[in-house]
Each structure stands twice: as C-alpha cells, then as structure tokens.
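Next come two complexes, and both contain subunit A; in the first it sits with subunit B, in the second with subunit C.
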Partner chain A sequence: MRPYDIELLDSLPFPPSKYEERQGRLHLMVQEDQVRPLLSFLIKKEDGELSNLYHLPSGNCIMALVVVPRRGVIVIEGALEGTTYPSLTIELPSAHWYEREMMEMSGIVPLDHPNMRPLHLHDWPKNEHPLSPSFPSDREVPLVGGTYHYRKVEGEGIMEVPVGPVHAGVIEPGHFRFSTAGEPIINLEVRLGFVHRGVEKSMEGCPLPRALRLTERISGDNGVAHSMAFCQAVEMGTDVPERAKMLRCIYSEMERIYNHLGDIGGMATDVAFAVPAAAAATLRERMLRLNHDLTGHRLLWGTMVPGGVAKDIDAERSDHLQNALVDLGLSFDPIEDTLFNSPSFLDRVETTGTLSLSQAKDLRATGPVARASGWDRDARRDFPYAAYARMGFQVQVQREGDVLSRLRVKIGEMRESMSIVKQCLDLMQDGELRVEVPVPDGMGVGLVESPRGELVHCVHFENGKMIRYKVRDPSFCNWPTMEKAVLGNIVPDFPLINKSYNLSYAGNDL
Partner chain B sequence: MALIDVIITLTEVLFLLALSPLLSGIIRKIKAWIQCRKGPGILQPYRDIWKLLHKGTVMSKEASWLFLLIPYICLGAMLCLAVMMPVFYTGSSNGIGDMVAAIYMLAIFRFMMVLGGLEGGSSFGGMGSSREMMISAIVEPTLLLSIFSVAAISGTTDLSDISRYFASSGASVLSPSLFLAAAAIFISLMAENSRVPFDNPATHLELTMVHEGMLLEYSGRELALMETASYMRLTIFMVILSNIFFPWGIAMDLEAGALVIAIVAIVLKLLLISVAVAVTESLMAKLRLFRLPNLLTISFTLSLLAVMSYYIL
Partner chain C sequence: MFDIIERRLRGKGVVTEPLNVLQGMGHAKAPMASKKCDLCGLCVPACPTSAIITDGDWQVDAGRCLWCGDCQSACPKDAISFSRDCPAVTDRSALVLKRNSPATGRPLLNEEMRKVLGSSLSIREVDAGSCNGCEVEVNNLSNPFYDLDRFGIKIVASPRHADMLLVTGPVTRNMEGALMKTYLAAAEPKLVVALGTCAISGCPFGGSYAAGSGVSDVLPITLFIPGCPPSPWSVILALLEALGRQ
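Take a look at the complex of A and B:
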C-alpha cells in the first residue's frame, strides 16, 4: 500500500468492507448505499473526478472510477442486492448521464434520479436492456413509439426551435431543442443517440484483434486515442518497449495536431472568415497526407497494437516528419496572426459561449473545454502513460471559458504537440516495437488524453473472454456542459460554440 | 417614348438579367482565389439555375398558393427595377424611373421574400425573416437618404435625369456629399445582398442564416427564380452605384459609338465593384447578429452627412 492510500483509508467517513490494490489502482468494495457518500468524499474532499460509472453484471455491482490527481485511479465497487440503488446524481451532477445510460442499457435503476428519460436508445421497449447478460447480441428488438418529453419553457414570446438530427451540412446527427426569447437562448436540450451502434455489446466476447479494429472506429478522428486506451486496458500493466512508448506519443500527438487544426479552421469557417479557414484546411490536409506517408493511413489507424505499436518510423521518415512539422508551424503563424489581428473575428469569439469554472467542475468537463475554463487537468501530465513522464510540455490553461479561450487552448496545445513529437524523435532509440501480452484476466483500465479530453476504457475478462467493455469518450462528459455554455447567447452564435467544443456524436452514442 | 427607347430599355433589362449570374460567379471566383482555392467556374450560377429549372418542386404542407406566387413577384419586381435603371443610355427610361419607386421595388422584393420565409412554417424561415426585417429597418432609410443627396445635387428624383446630370457635368460635381452617399450605398449593397459581414452567402449553418434561411423551403423552379432575382438585385445595386453616382461613359445620345463605349464602361464598372465586394468579404468575419445595427447605423450616418454636407458646403 502507498502512504497516500493508508492515509486515505484512515480518513474515509466509514471503512470499506474490503480494499485491495490491483495494477496500481486502489479498489474499494462497498455496499450500494455507501457509494454515494464515498464518491462525494473523494470528489469534494480529495479533489477527485468521476471518470466512469457503469454496471458490471458478473457480481452485480456498479463500478465507479474516480481519478484523484495525487493518487491515480480509485475504483469503487458497489455491490447491488437487486436492480436498484440510491441515485448519485442528487449530490453529484456529473453522474447524471452515466446513471441514465445505466438505466436503459443495463436495467439498473438509480432511485430518486431527477431525470428518468432514456438517453441514447430511441423508441426502445422499457423492459429491454441490451447490456444485460440475458440479452443475446443478435436479437432484433421491435421498436415501440413513444414521446420524448423535452423540458418545457413557458412564457410570453418563448419559441421552441427544433434543429436536427439531419443538418444542412455533412455533419454527425444530433437533435438540439432550443427555447428562445427572440434570439437569446433560454434553454437548450441536446438529444443524441442517433448513431448508437451497440459498440459495448459487440465487444462482449469479441476476439482481441477484432476488438482493436472496432475501437479505432468508435470515433474515427480519435482512432489513435481509442485504440491506445484499448491497448492499455488489455495490457493490464505489461510494460511496453521504450521505442513503442515513444511512437505511441508521436502518433497520438500527430492525431491531436490534425484535430486541433481542423477545429481552428472550423471556428473561422463558422464566422464566415474564409481566408484563414481555407488556410487551416490546407494545413490539415497536409497533416493528413503526412500521416499517410508515415503510416499508410490518413487518420493513423492501425498504428496501435496490444504490447506496442504496429508501425515504425525509420530514420529517413523521422527527418521528413521533423521538417514537415517545422514547416507546418511556420505556415501556421500567419493564420494565427490573421485571426488575432482581426477585430471582427475577435468580437465574435470573445465572451461567446462562456462556461464557468464551477459549471465545468460540477458537470465534470474534460480536455480543452475544461482547460479553457481554468481547470488545470491533463491526463498526460497527471497520470502519465506511454512516454509522457519524460516529455516537457506546458498544459494550456485559460480562464475565461469562452470560444476565444478554447481557441487559444487548442492553438497552444497544437504547438506543444509539435514540440512533444520533436522531443520523442530526438530521444527515440532503436529497439523492440512490441512484446507479447499475456492472456488478460480480471479488470483493465485504459486512460488516455485524447484530443477531446480524458478518454477511459474499462475492460473485464473472465476465463479469457471479454465479458464487459465500457467506453467513456470525453464527449460524453462535455455534451451536458454545452447546454450550460450556450445559455444567454444568441441563436446564430450556437454553431460557433458547438464548433469550439467540436464534440464527437459517434463517440458519445457508442 | 419612341420605339427605339423601348428597344434599348428591353435590351438593358435582358443585359442585366443575363449578366447578373455571371457577376455572382465572378465574385465567388475572386473569393476562391483570395483563399488560394480554384473554386467553381464563373459560369456555375448559370448551371445551377439551369439544373434547378429542370427539377420538381417540393412544397411544405403549411404553405399556401402565395408560396408559389412569390418567386414570380420577386423576379418581376427586379425586372421592373431593371426597366427604371439607366444602363447604357440616359434617355431610355425617361419619366418612369423615379428613385422612390425604385426603392419601393426593392421593398416589394424584400417583403415578398420575408413572407416566403414565413410561408414554409419552419423555424429557420421564421428566424431568417425576422432577421431580414431587422436589417432592412435600417437599410431602407439609408438608401432613401443617400439617393436624396444625389437628387438634391442634381435637382431631380428621376434616375435617368440624375444620371444625365452627373454625366454631363463632369468632374465639377464631385463633392464630399457624393462620396459619402456612395459609401453608404456600398454598405447597404453588402447588407441588402446578404454578403459577409452581414450574412454568409455560402453557409450551411441553418441557425445563422438570414437570406438562405428564407429560401430554405424553396426548391426546383421556384428556387431558380428566387436565386435569379437575388443575383439581379445585386447587379442592380451595382448599377445604382456605377450609373447614378459615377455615370461617366454612359451614352447621352443615340449613337452607335457612344453606346459601345457605354457598354464597355458599365461592364468595367460592374467588374470593379464585384472585385470590391469580393475583397471586402474576404477581409472580415461575419458580424455578431446584434452588432449589425452598429455597422448599418454607420452607413445611415454617412448618408445623413451626405445630405447635410450638400446644404452646408
């Protein structure tokens, strides 16, 4: 046991019935009614964050992952007696969506949850729960109709504006229900789930190579992060070779660069500032071609493999990459200048879509969204994986929480990513690319800072078979915070706020 | 009115009708060049109109007969406006081109388009319509005032007469008030024709749309007519700017030589203004919706100064 753990166990409001350390994680086994006070303690007193919450059918318990900055991952296993437990949302708003998800997917009812509507499954019969073990994966469920009740805002001049799920542009589907008083937004409700594909169910019993391919496709532009989280989870603490760690850093930073470039250009596009938008799109395309030259895939898919990496970067390509990134950085300078020297652009992004620090913390925002609101969290620094412990980089934090802050965070992170890639290339030495991974058993956790924020994969094996796979994309945490950030803004500013978040629909819907 | 005047007027209308999609194509092309893109060919608007003319119409269940009538009224208003405009020859539309009538032709167009946006019964159309009315509430007085200032200088409200007055007086009439009014008209041109910083003609974001929002429910032939009418409106604004404010080169007598010079002059002026529109659009981001009145108020102030400076200076 670590000193921190002993101290923590002493200070807990009540002792857990059992605790142990597994692969560096602290597991606390408690009864269902103790989950809420324990979580509250860890989040409010120990500055922890709820990173995942799901039901595990084998053993019938709810698993709550808390990341605590000085400790790492703490897992609370709350044993259930039936299919209900006291809801956490009342005290911890960040549990809101997790509990609704658990309710429809696993049939576990959080008693007194303030919002019992389904989250992702539309028109599903009430008694069908796809993640319960008795539900065969090939079962076709007859859809039943039904009305989804949106929050009603009433008053003189209040208009309800439904937008989506089909949009005018080629983007992912999601429904936004605005209540507006003229142009200002009084309330926004996001309804997602239109691209729910049953990822977690398909992962059950899935052989590892196929599962790896599947994770890359959960949210395509974060394929490296997802497949790396999968690899970390099934490696269960196996040490990967040094060179592989470096390459993992390189690939995930290259993913961050092209994602952030796309977001920066997207923000310019959405305010009709076409010149920098076109320039950023050009740079993103250059980055994608560079990805293709290096790994054979524009989105860097197929680079990760349990135990290491599948694609190496030889000396010649390493030089090519270094030069290309220097070039990219130089080409980006004029874009940044254009954006920040344009009063019309700054006027659009300043004070637009402000998310306060307390909102970000209550709803547990993550990634650039949280950092733009002044929450200094980055999994690469706080819980280093791959080779990040040896990398020097500055976590980008802004205070205002508006679109401009998110833009600054993304620009800053992109530059830091370029520096991390360079550091990796300089430090990288010849060596093995991968090692054999023992047959996994028990629970594994993958925790990665994807371009959109902290990404968590939890996997449970029993007798060599994957029995439960839980994915928690950063978008799942950030969507509810957007409902808060848009309040008081005007309707035509919503697309810009949405773009500054740039959340994944597919990653959220699973 | 002689037969030759009628023929020339009709030629002018056809000229504007035929040329206006090209100008929009040119503006798009220049914008694409500024963004280092190739962009679609300058004939693309013609292809779009041709394509739309051959497509069927889909109508909202909420819409009434008015919905289908509106595109014809809009295009009709623009054709009437084209009749009033002195394009090559100052004598062709004598006595029918009163400036107040011209501004109210634009108002008919706008009013009908706003109704069309509401007809579809969709929330985007409604939002587009309400925003359009907000913008036009300031654009309309600006337009009136700036044309009043040229009317005051020339002593007439007939568009052809104003044009002839400026063309015949040469550089001696150049006054601060003329330039102030021209600047005000240019801002109104950007606002009325839904260009960046007021609106984004290329947007796919339904929540930010003004002009496109009102057209969202239109399809097929009706959309083609609405698009054509919008292209014409842009061209007519350019003609106002070039032939009312700076009508040099326009033919004052019916001579072949003068007419050729007039055609060349108007084409050059239209191209020049197209470049100005494209460059202005590329220089800035779209304004926040509630900042639009600020810029429009500037243009209103300019036009007010134009009128005042005429009487003071």
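Take a look at the complex of A and C:
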C-alpha cells in the first residue's frame, strides 16, 4: 500500500468496514448511508473528483470512482440492502446525472434526488431496467406515452425555443430547449439520449475481440481513446511493451490533433469566417490522410489491441510523420495569426459562453473545458499511462472560461501533441508490439485523457465473463456545464459555444 | 485582412481534387478471399459481426462488414485481402460479395429521378444513432479537398429543402420518431440513402433493446453506401453514379 493510502485511511471521518488494495487502487467497502459522507470528505477535503458512479448487480452495491490527481484512484463500494440509498446529489452536484442514469438503467433509486426525470431512455415503461440481469438485451420495449417535463420559465415576454433533435448542421441528434427574454438565453435544458444504442448492455458477456470493435464505435472521433481505455481496463495492470506504449501515445496524440483542428476550424465556421475555416479543414483532411497512410484507417480505428498495439510505424513512415507534422506546424501559424488579428472574430469569442471555475468544479467539468476555466487537470500528467510519464509537455490552462479560452487551450494542446509525437518518435526503440494478456478477472479500470477530457471505462469480470461494463465519456461530465455557460448569451452565439465545447452525443448517450 | 488577400494573390493553396483523381481513389475495398483460401472457416468466428459465410464458397456481406480486418489476421494462409471493389448498390442483396461473382453494376436511379434530381441534388443528413464516424466523413465532403457543391450537390439545413435523406446509424428506438417526421417533412420526389454499416444492417449495435437493425426496417431505401465509415470520395462516387453523371 502506498504511503498516501495509509495516511488517507487514518484521516477518514469513520473507518470503512473493509479496505484493500487492488492493482494500485484503494477499495473502501462501506454501508449505503456512509457513501455520501465519505464522498464528500474525499471531494471537499482531499481535492478528489467523482469520476464514475454506477450500480453493480453482482453483490448489489454502488461503485463510486474517485480520482485524486497525482495521488491515486479510490473506489468506494457501497453495499445496498434493497434498491434505494440516500441521494448524493444534494451535497455533490457532480453526481446528478450519474444518479439519474442509475435510476433508469439499473432501477436503483437515490432517495430525495431533486430531479428524478429519465436521462437516456425516452417514453420508457417504469418497471423495465435495461441493466438489470433479468432484462434480455434484445427485448423489444414498446413506447409508452407520457410527457417529458422541461424546466419552465414563466413571465411576460418569455419565449421558448425548441431546437432538434435533427439539427441544421451535420451533427448528432439532441434536443435543446431555450427560454429567452428577447435575445438573451435565461434557461437552457439539454435533453439527450437520442443516440442511445445500449452499448453497456451489448458489452455484457461479449467476447473481448468483438468488445474491442464496439468500443471503437462508442464515439467514433474518439475511437483511439475509447479503445485504449478498454484495453487498459481488460489488461488489469499487465505491462505492455515499451514500443507499444510509445505507439499508443502517438496514436492518441494524432487523434487529438485532428479533433482539435476540426474544432478550431469549426469555431471559425460558426462565426462565418470562411478563410481560416477552409484552411483548418484543409489541414484536418491532410491529417486524416496521414492517419490513413500510417495505419490504414482515417480515424485510426483498429490501432489498439489488449496487450499492445496492432499497427506499427516503420522507419519510412516515421520520417513521413515527422515531415508532415513540421509542415502542419508551419501551415497552422497563418491560421492562428488570421484568427487572432481579426477584431470581428475576437469580438464574437471574447466573454462568450463563460464557465466560471467554481461552476466547473461543482459540476466537475473535464478536459479542455475545465482547463479553459482555470482548472489545472490532465489525466496524462496526473495519472500517467502508456509512455506519458516520460513525455515533457505543458498542460494548457487559461482563466477566463470563455470561447476564446477554449480556443486557446485547443490550439496550445495541438502544438503540445505535435511535440509529444516528435518525442515519441525520437525515443522509440525496436521491440515487441504486444504481449499476451492473462484471462481477466475481477475489476479493471481504464483511465485515459481523450481529446474531450478524462475518459473512464470500468469493467467487471466473473468466471471469465464480462458481467458489467461502464463507460463514462467526458461529454457526460461536460454537458451539464454547458447549460450554465450559455446563460445570458444570445441564441445566435449558442452554436459557437456548442462548437467550442464540441461534446459527443454518442459517447454521452451510449 | 490584408494578409488574407496577400496570400490569395500569391496563388497558393488550391487543393481541390479533380473528379478523375477521386475516381482513381475508387470505391470502398471490401475483404475478399483469394485462391489460397481452402474454406477452413477460421475467419467466420473471428468476424465481430458474423458477416462471413464459408458454406459452399467464401462470401462476405459488405453491409455487415466493419472493415476491421479481424478476418485478415485470423487467416492462417494469408488469403484475405481488402481488394474487392465495393461500390454503392440499389439492391441490398448485391452487397453480399462472392468470390467468383461478377463485379456489381452501377447503382443507377430510375430515369425520372435522374431527370428531376440529376443535376441539382439537396441532401439532408440525419443521424439516427451513428457513432459520429460517418458525421466526420460527411462533414469532410464540404472541405476544400472534396468540395461537394461543385457537383451541384449540397447539404441543406432543413428536410423541407431536401431531395435526399442521407441516414446514418442503426435507427435507435429514441430516434425512430424523429426520423419518420424528417422523412414526412421532405417534399416528393425524395430518396433515402443508407450510409455506412449501421444504417445498412444495424451492425455492430443493432438488434438490442435500444437500436434497430438498419434504416430499411422503417423507410424505403434507394441507395446503400457501404463503409465504416465510408470515405468522402466513395460517397461522392456513389452519388454521381446513382445520378448517372459518370
């Protein structure tokens, strides 16, 4: 056990009924009514963050994953007696969506939860819970009527603007309900779940090779991050070869580069600034073609495999990659100059869609969104995986929390990513690409910094069979924060704010 | 501002691919077994979506294929390669590719459709449960490399303006209603295109409590564009071929 864990155990407000260390994680077993005080302590006193919360049917307990940056991962297992427990949301707003999810998916009711509406399932009968073991995955559930009650704003001159699920642009489906007084938004409610495909249920009992292909398709543009988190979870601490670690870093940074390039261009598009938008789209297409040249897939799917990587980069391709990145850096400079030298562009992005640091912390934002609001968090540095411990890079932090800050963070991260790829190529030595992974058993955790933020996969095996798979996409944390960031902004700025967040609907809905 | 004009005057940066280059990049390439294959059947369980059948002859359903290459790495004889030209089709069964079958023909729309929509086509994209991989590639259709608008094909904001619905995803339970409304909102004559593996067969998510098994369960499909996700050039080729433009 690490010194920190021992210190922590001594300082806990009450002793857990049992504790143990598994694969470097501290597991604390407590009763259902102790989960809330324990979580509050870890979050408020130890500066931890709630990274995952879900129900595990075998053993009937709720699992809460708390990460304490630079210290470690703590798992709280709260044993339930029935199907209820005291809600956490009252003290910890960051548990809000997790508890709603748990309520509909597993039928576990958080008592006194302030908002008991469904999250992912629409027109769904009350007594069916897809993640309960008695629910067959292919059951056809009829649509039952009923209205979803949006938060109502009433008063003279208040207009309600419904948008979606089918949007004007080529984006994923989701419904936004704006309440406006004149132009400014005074309330936004996001209703998602339209792309709910039942990923977690499909993963139960799924053989690993097929599960790997499913994880690549949880959120397509973050396919590398998702499949890497899956691999880490099922590897359960198996050491992968050095060369594979380097390649994992390279592929995930390549993914970050093309994602951020898309966002930067997208922000220019959304203020109708066509020149930098087209230039960024050109660079992005070059990167996608480079991805294809390196790995055979434009979105880099199929690169990860439990125990290592599936695709190597030989010396010739490595030179090609180096040159392409130098070229990218040079071609990107004029885009940045154009954006930051345009007063009309800066006018649109400055002070637009501001998320304060306290809001970010309360709702537990993650990734570029959190960093733009001044919260210095990055899983690559705080919980180094793959070869990140040996990489030198600066975590990009801004203070204002507006669209401009998020743009600056993404530009900065893209440059850091280019440098990380370069460092990997310089340090990489010949060697094995993958090792055999032992048959997994027990609990595994995958924690990865995807382009959108901290991504967590938790897996539970029993007798060699996957019995529960929980995915927590960074978008799941960031969607509620967007409802706060748009307040007071005008409706036409919403697409811009949305683009600066660039959240995944598919990853959130699962 | 002046630096933008200056760079334009220097005349750098035209990247748009001429049509013949796009044609050279070709259609999606589906996996196909060569003569070395002795139908040992090891690739069948390796396929995550059960797209391969080895009864009688080696065949693959390109409408279920994820293009993942798991069959290729499972083959002990190195007989499978991504070599078979797999254009878009108007008939779902034509996506089942056999070893010695002739190449699939051009996916031509009927004459009336070609006459009405042939030189000007408006597309509304509807995500009915995709992972957003297809959205990435549909967005890329408008980038300077592919510049879809030059072919008279444009992506429009409303189904009211659309001649074609480009549907991705297996059609989730929660999106089915919205997809039907979008379809009804489009004016006649209209076409529905299933883009990508999920939309064609629902794989790999389809058949669960939350996702259907493809768009054809709820809407009549005129064109199936295979790929996971389909590349931008294969989408352009599919549309131009269907419209009889090449």
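Everything below uses one rule, namely that the second predicted complex is superposed on the first by the 509 of 510 C-alpha atoms of A that agree within 3 Å, B and C clash if a C-alpha of one lies under 4 Å from a C-alpha of the other, contacts with A are read in each partner's own complex, and residues count from 1 in each chain.
Keep this in mind: a contact is a pair of C-beta atoms (placed from the backbone, for glycine too) under 8 Å apart; a residue touches a chain by one contact, two chains touch by 3 or more.
Keep in mind that this is a model prediction, so the values were computed, not measured.
Q: Please indicate which partner A:T282 is in contact with in the superposed arrangement: first for subunit B, second for subunit C, both, or neither.
A: Touch status of A:T282: both partners.
Q: Considering only the touch criterion stated at the top, classify A:G169 as touching first (subunit B), second (subunit C), both, or neither.
A: Once the two structures are laid over each other on A, A:G169 reaches both partners.
Q: Touch check for A:V271: first (subunit B), second (subunit C), both, or neither?
A: first
Q: Which partner does A:Q394 contact after superposing on A: first (subunit B), second (subunit C), both, neither?
A: neither
Q: Tell me which partner A:H122 touches in the superposition: subunit B (first), subunit C (second), both or neither.
A: second
Q: First (subunit B), second (subunit C), both or neither: which does A:R217 touch?
A: In the superposition, A:R217 contacts subunit C only.
Q: Looking at the overlay, does A:S11 come into contact with subunit B only (first), subunit C only (second), both, or neither?
A: neither
Q: With both complexes superposed on chain A, which partner does A:P334 reach: first (subunit B), second (subunit C), both or neither?
A: In the superposed model, A:P334 contacts subunit C only, not subunit B.
Q: Subunit A residues in contact: does subunit B have more, or subunit C?
A: C
Q: Kindly list the residues of subunit A that each of subunit B and subunit C touches, one partner per complex.
A: Touching subunit B and subunit C on subunit A: residues 168-169, 275, 278-279, 282, 342.
Q: For subunit B, which residues are in contact with subunit A within the complex?
A: On the subunit B side, the touching residues are 31, 34-37, 123, 127, 130, 196-197, 200, 202-208, 281-282, 284-291.
Q: Would you pull the subunit A residues touching subunit C in the complex into a rising list?
A: On the subunit A side, the touching residues are 120-122, 130, 135, 137-141, 143, 165-166, 168-173, 193-199, 201-202, 209-210, 213-214, 217-221, 223, 262, 275, 278-279, 281-282, 284-285, 288, 296-299, 301-302, 310, 334, 337-338, 341-342, 504-506.
Q: Under the stated contact criterion, what part of subunit C meets subunit A in this complex?
A: Subunit C residues touching subunit A: 1, 3-4, 7, 13, 15, 46, 48-49, 66-70, 73, 124-140, 142-145, 155, 157-159, 169-170, 172-175, 177-178, 182, 204-205, 207-211, 229, 231.
Q: Would you pull the subunit A residues touching subunit B in the complex into a rising list?
A: So the residues of subunit A in touch with subunit B come to 159, 161-163, 167-169, 182-183, 268, 270-275, 277-279, 282, 342, 344-345, 347-348, 352, 490-495.
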